[in-house]
Amino acid sequence: MKIARVAGTVVSPVSHPFFEGKRLLLCDLVDTDGSTQGYVIAVDVVDAGVGDEVLICDEGSSARQIFALSTGPIRAVIVGIIDEIS
Amino acid sequence: MKIARVAGTVVSPVSHPFFEGKRLLLCDLVDTDGSTQGYVIAVDVVDAGVGDEVLICDEGSSARQIFALSTGPIRAVIVGIIDEIS
Amino acid sequence: MKIARVAGTVVSPVSHPFFEGKRLLLCDLVDTDGSTQGYVIAVDVVDAGVGDEVLICDEGSSARQIFALSTGPIRAVIVGIIDEIS
Amino acid sequence: MKIARVAGTVVSPVSHPFFEGKRLLLCDLVDTDGSTQGYVIAVDVVDAGVGDEVLICDEGSSARQIFALSTGPIRAVIVGIIDEIS
Amino acid sequence: MKIARVAGTVVSPVSHPFFEGKRLLLCDLVDTDGSTQGYVIAVDVVDAGVGDEVLICDEGSSARQIFALSTGPIRAVIVGIIDEIS
């Protein structure tokens, strides 16, 4: 899993039916020194907001299991909001 | 998932039967600053055109589920056209 | 699999129920010359401590099998503590 | 999927029984500007030859499905010969 | 799949039971010009020795199938010893 910072919301009116009613967030991947490097578009399941540091799980089977679906074209999901790293 | 811009169509007359009748698009991966970095060849399911910004899901199980197939040698699929990132 | 050095603990009070009671560790990936490059957040199953060199398996199915679960949104797990490389 | 150019044949007399009778090709990954960057060893199923531009699908499940096998330690397969990108 | 050169043996006395009795090898990934770039820790099934050029399959399902197991936290396996690339 990776650490990321939520940077915005992706609006995709023409998309696969799976994404209807789901929040797609643009998440900047965060390095251990706090700098950002690359990004991922993830589906949100923990009500994360812009600026939050989040835990990203980027794997298809994991993503589908979160929605209790056997199918669905997703790969990255926000699975936690990070409070601190100690 | 990643953001990409459709750059062209791939013509592959000699290919696995799965690809017959499917559109293979060359998609430049787009960074959050708008620059492109790398590419992926993806199967289109949302009628994307050259120049469109699209959402790419690059994972085999996801890709097969979009075609309601249990088999098929694909990995990347265009799952949405992006309108804006806010 | 990759070699990593445990660098800290991730505290994520708002997260998917799967992570309750599990230790999430920040692990710096270690190159063969001993330098670190990148990181991964992994679930610990071998009671690794900060500073330990560990073996990381970064794949969803492997991760779930360690917890004898068919579901769970995880991908990276610490599967061993490395004593030496000879 | 990725574009690659076939560069040679890999000879591996001591290998897993799965590979007996299969052609393993060294494929240079091709960037959109025609330059090569990195490589992958792929199993050929479309009778590609050295110099051909091919379409590579680099995912285990896809690879096994091409051989109608439920098992087999492969990941990358040449699934098409590319004629042009327009 | 990738080409790698075996560089050493990983000793991990505290590890998941799956790894008991298995050889974990440190393998330097080899580029097409012979230089090494990065590494992977792989389980050996072809009795490779230090210095051998080997074929690495880095995918969880493939790795488990080699051991005829439905479970096991592994991802990378040495599936062949490379004789030459012509």
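Labels A, B, C, D and E are assigned to the chains in the order they are written; within every chain, residues are numbered from 1.
As a convention for this text, contacts are C-beta pairs under 8 Å (C-beta built on N, C-alpha and C of every residue); 3 or more make two chains touch, one makes a residue touch a chain.
What you are looking at is a predicted structure, and each value in this text was computed from that prediction instead of being measured.
Number of steps on the shortest path from subunit B to subunit C, with steps defined by chain touch: 2.
A straight line joining the Cα centres of subunit A and subunit E is 32 Å long. Once the centre of each chain is set as its mean CA position, subunit A and subunit C turn out to be 20 Å apart. Counting partners per residue, subunit C has 59-61 as the residues that reach two or more other chains.
If you sketch which chains touch which, the chains form one closed loop in which each chain touches exactly two neighbours.
The sequence of chains round the contact ring, opened at subunit D and continued through subunit E, runs D, E, C, A, B. Listing the residues of subunit D that touch subunit B in their complex gives 1-3, 31-32, 45-47, 55, 57-63, 65-66, 77, 79-86. Interface residues of subunit C, counted against subunit A in their complex, comprise 7-16, 18-19, 24, 26, 28, 38-42, 59-61, 64, 71-76.
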